[in-house]
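Shared between the two complexes below is chain A, which has chain B as its partner in the first and chain C in the second.
This part shows the complex of A and B:
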């Protein structure tokens, strides 16, 4: 994928006809690198970024550690731990809090289900919303096998490449 | 007539002198031992002559699509004829799908399970499988989703061998359950689910037997639709059989046999390649829920309880590309219509993966074979009890598989394929079911609306979700014209269909919007109507990366409305509802009922009554505060979001001059509002540890509500692994029960 197209893709600037072209065509195997080049450049971090984990969140090689870091710079710690345990949490668990953001009757019954909003403590971006019954264990959404992934890609891990 | 092999006591009808059961067992053994379909190493035909191979696939695929397009015109049901709730597939003798048509392809794998069930039960020996035989299945305990999806399967013989099966499915208007409709919500056991056909031979010599036709037409409330649907399926299956026989005549039987094997193996390899191409190794987790508030409402005493379906999902992708999906920890089945057999769960994985990963590959049971799954026996998603009711498993299955979209989306995002991210989908429910009798002639009209197949799709990471145009079980979804549904549902014409504000899940990219309809009862003796949709007490599923779940639905109707009087005076009537105002009450008049849960048990309605319902939106993706403010204003001008939601969720302030219809962005006010919301987030949120202590306290002190406690107990009772994880997470003592 052309770098300029990839930038527009990341920024949500592609029109539907352009997106349709991309969706209809076979996937470009170099996409990961193209996207990572753009993201690394934009973030401007000296430590190598290993992959985008979610909107705002990246796994970064920091010395011998792999940490989850928000694009604002806040670090959530080891990527093998759930980043949510370092987040700020706001729970919509009563009618009035749900009614702040949903019309009457168009939301859950808070006794049955609450909304948990996980914010970055650095910039207060909303990173994830959980819709779960009260008392439900916090979900560890995604634990990537980064070494395995780079094996699949046939790429050296940025740290070992001295990136 | 010569008695063909496969008759009772006849010689084997499988290949090379084997029985079908021997073929199936060999196939399963070879797959187990070698990890490849029938142990195939080389795609020899493909390698020898790639063009012939691809042309052969296109020939069969074209025949399947053409058979569907032709056969649906035999049906009279708008569900089949106009919305296309049917599909066809060609299977191997053992029951593996080779090539499929377009349409409701969730059933490609369920029909596979039905064929395998016949093979495992040695139908070859008794009742026999002969050329010209016609078999039908709709038993949910035999691979099917629910009784209303009826399969017709015909064997394809070349000389003395069975070389495959042609099979088709249609969704019925009515299935003769204890209440009218196709997805009845009240059954509590198999014996209320309606007409069952458990892989029965219903025809011989290419002729549907009269005794079956008479029996089945007396078993349902809409015999005309049943009869023509059956003919539609049989005709489609025979078109496919004939196409397969033409293929064999042109290409040779040896080519056909080898080709059909290789294509399934290729389908498996394509899936494996897609996993490596688009996903990444690791562990993914999600959980979805469906709450049913039946303590007061259920008909049968045993069904009266409030409960929640728990659908945890974990996907582990190994470095070797192994894809394993488990729902360990799923809650229990029960006295309700929402239990699910394993076959439909397998079909649901298949239909979603064929949309998210292998839509440009060879779509067949190869994809199914390429992954491993575990649906816990004895749980709601693999109930293993034929006596339970399975009339509407979609109520749980649909929310459950939003977890799959979220899991795969995390991988697609990490790989840079942001355009493929999909945060979930809307609940394809809420349109009316039931039926009524016209006053002037007593004629029955069924309410069996399939406009449900046009709900909102979840947002991707680069664009909003598709508005009012998606169904997870049919990639060719269609809302259908209101006028068309009125031909079927003649006693309840539409007053309005319109965009339902605030149903799109909030996010940087919003989910596809839902919509609403208002219907008026006219010319009836009486009508019994109900609605199946499992949200209200619970959201169906969140979005991803900060996207919110789409709004839930609610019930609203007016009894004895004043609409006819208002219409006579030329006064406005309700075109929808804003639940934050009482406009509906003012415009409809009569006795208005509002209730927060979406599910509606059967209610009797009379002329002049008005019924309102909401079709779901899809969830969002990303933080709503990052949605460009002008796009939110565009949404307001399109009726997607109300002023209050724009301001309080998206932090977008817009103004509208008196008498003006369009909103204009107030940039300064919007910036200030967004800053205020960020400040609120900082002020009101807790450090994780404090949140954890508070939630733990709820559990430890027994403050959880009854349906939540019940759900935890069911899951912990069925899965020691899940119980241990629950206790470990909250640091609760061994043996603790919520």
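This part shows the complex of A and C:
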């Protein structure tokens, strides 16, 4: 993939016909590398970035540890643990709170479902929203198998050689 | 050199085909690359190509023309590439301003390849042609049976027109709910718009849905108006330019355009949206005529072009008309000959999925850029044509009669690098596999279409045409047990030939939506309604012919209804025995409907207990035109004529190279039999006769292909 196209893809600047073209075709083998190069360059961290995890969040090789880090620099700790346990949470579980973001009559029933907004303690960016029944355990989105992934890609794991 | 009489054009995405019928009934075919920027160039070049083939002079030949017929993808491309004319304002019933944006769910994947249809992630709606800011609602309401429920709010109507004019619109489309049942509000709206415009001293065209397309369904009705303004109207200039260029060449013939329903219209026709899809239609018209001549009632028409594989069925001598379809993801309700396409043609790209290492075909194609073998085309992804070249089926020095040189080594190299090496096999084997895959997809598509209608291939003759048709005909029919398999020697220009067979015809559909109770109590009323609808339609069609300078007295008027069982969703088109139907005629229509329903669906699904609904009254006004004669030649011996054999070439077939006889198609004579392995070459196409197959050229210059 062309580097400029990849940048527009990351920034959400592609038109629907362009995006559709990409979706319809098999992923080109270099895509991950191209995207990672852009992300690494933009973040400018000295530790190697292993994987983008979610919007704003990345898995970074820090010494022997693999940690989840927000693009503001805040660290959530080991990527095998749920980063949400370190995040700030705001729960919308009554009508007045839901009406802050929904028009009248258009929101869910707070008895049945609540919205949990997870914010980064460092920059207060909204990282994720869970829509779950009240009392439901906090979701652990996934634990990435990073070694397996790189093996599958046929790429070497980025080392800390640049340190 | 005799003069040309009919010149038919099929301007596809890849090639522009010319089909020229001569004074003495013979015909010549020509081919040139399509020139999208100014199609008249490609059109003239293809005409010259056809005439040069006869050692004639284009100017002299053009002087004798009696008819020129165009079909092509001009308007369609304008729509697909969003290069139409904007500035369209819409006035609709208040509360329904968003109908256009909402669209219909199936639009989000209409025309998608199967794999992408399954993935909601790739579904998406097209950007509306008219932005929401140029849609104005006016309060009014007509009930579905036509009575006025809410009067037209005239102040709002004035305001809406003023609002749109302030924003500089260049045309206004008016589409109110149920206006096809009662057009009074749309007409009053147009009057008001004219008043406002004259006060302001502006004059822009108004399009009324109740006038142009009085058919149920406000979304497709409005879409068709918008596409008329957006894509069809600006294309008129290109069409007129083609007519001018032909006139300069010396042609005195009227210039007509093939419609999706199979008749031809003039560029001045106010409803050019009916010509949006015309390319593949020609083939069906041609097949219909061929079938009539040969006494074949059931034909499968398979058109393999550069970009797609189109299949249409002729059953009991008739092709079906479809009235709801999508084009470039817009829903339309204009009539079109039913055809199904898949994106598989000779220019289709071949790729290797890097992850699962599976070969994928298309759905996109190289179009007029042919493939890697054509260096000037600038393509670096191999195409099906590259496979043909590698396998020795297509002669690289005789593509388009040698006009374009193909480089077999380039094709081989590209296949090797991109596909064969990663898979660890030889390029020939990969090419062979790709062709197998393509042919399997095509064969499945054919079988599905025929079986889906409750028929089986044994009931049909297979007619294959298009530039790629003769190459794949053997594999396509293998295992399907068609009654017979036909390849006209003019296969490459068969769609253009079909164009030349089309009559000058205008068609007008109008929704009726009236119930015929099973006890016959509604017959009288419906017969009266149909009488008045058909008399109005006939008047309208006569007007079209008068504008074209044709005598309406010569018009053959064909009345049809569309009807369905009450409560069902799919209607069928039934001819009426009379344009002034009596109660008995209605019984005859019902009987025909019952017969057709049983054939197309199933006897068990018949449900006359609830009665019937007559959904539409349709009129087609036809002025028969001169048509190409089908050649009739005396049969010669079975041995290929002297001089027809050009030599031998190695072709790759089923795992090994074998020596095939090479023939020049034009030199073969009626009665000659070509026994495979053989390749019959013509400038615009190649007939492949595999080992174990034979092709006999009959007295009509049609190859009858069969397995020995």
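Operating definition for what follows: the second predicted complex is superposed on the first by the 159 of 163 C-alpha atoms of A that agree within 3 Å, B and C clash if a C-alpha of one lies under 4 Å from a C-alpha of the other, contacts with A are read in each partner's own complex, and residues count from 1 in each chain.
Here, a contact is a pair of C-beta atoms (placed from the backbone, for glycine too) under 8 Å apart; a residue touches a chain by one contact, two chains touch by 3 or more.
This is a predicted model, so every value here is computed, not measured.
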Practice task
Mind working out whether A:70 is in touch with chain B, chain C, both or neither, as first, second, both or neither?
Solution key: neither
Exercise for the section: With the two complexes superposed on chain A, say which partner A:139 touches: chain B (first), chain C (second), both, or neither. Expected result: first
Exercise for the section: Determine, under the contact definition given at the top, whether A:79 touches first (chain B), second (chain C), both, or neither. Expected result: neither
Exercise for the section: In the overlay, work out which of chain B or chain C sits against more residues of chain A. Expected result: B
Practice task
Return first, second, both or neither, reflecting whether A:23 touches chain B, chain C, both chains, or no partner chain.
Solution key: both
Practice task
In the overlay, answer first, second, both or neither for which of chain B and chain C A:100 touches.
Solution key: first
Practice task
Would you mind listing the overlap between the chain B footprint and the chain C footprint on chain A?
Solution key: 16, 23-24, 26-27, 29
Fill in the blank from the handout: Residue positions on chain A within touch of chain C in the complex are 16, 20, 23-29
Problem - Residues of chain A defined as touching chain B within the complex - result: 6, 9-10, 12, 14, 16, 19, 22-24, 26-27, 29, 31-32, 34-36, 51-56, 84-91, 100-109, 111-113, 115-117, 119, 121, 124-145, 148-149, 151-152
Problem - Contact footprint of chain A on chain C as seen in their complex - result: 113, 116, 119, 121-122, 124, 127, 351, 353-355, 360, 363
Completion exercise
Within the complex, chain A is touched by chain B residues 276-278, 280-287, 289, 291, 293, 308, 317-319, 360, 406-407, 410-411, 413-420, 461-463, 501-503, 506, 508-509, 535-539, 541-549, 551-554, 578-580, 594-596, 621-626, 642, 644-645, 648-649, 678, 681-682, 684-688, 691-692, 694-695, 698-699, 704-705, 707-708, 711-712, 725-726, 729-730, 738
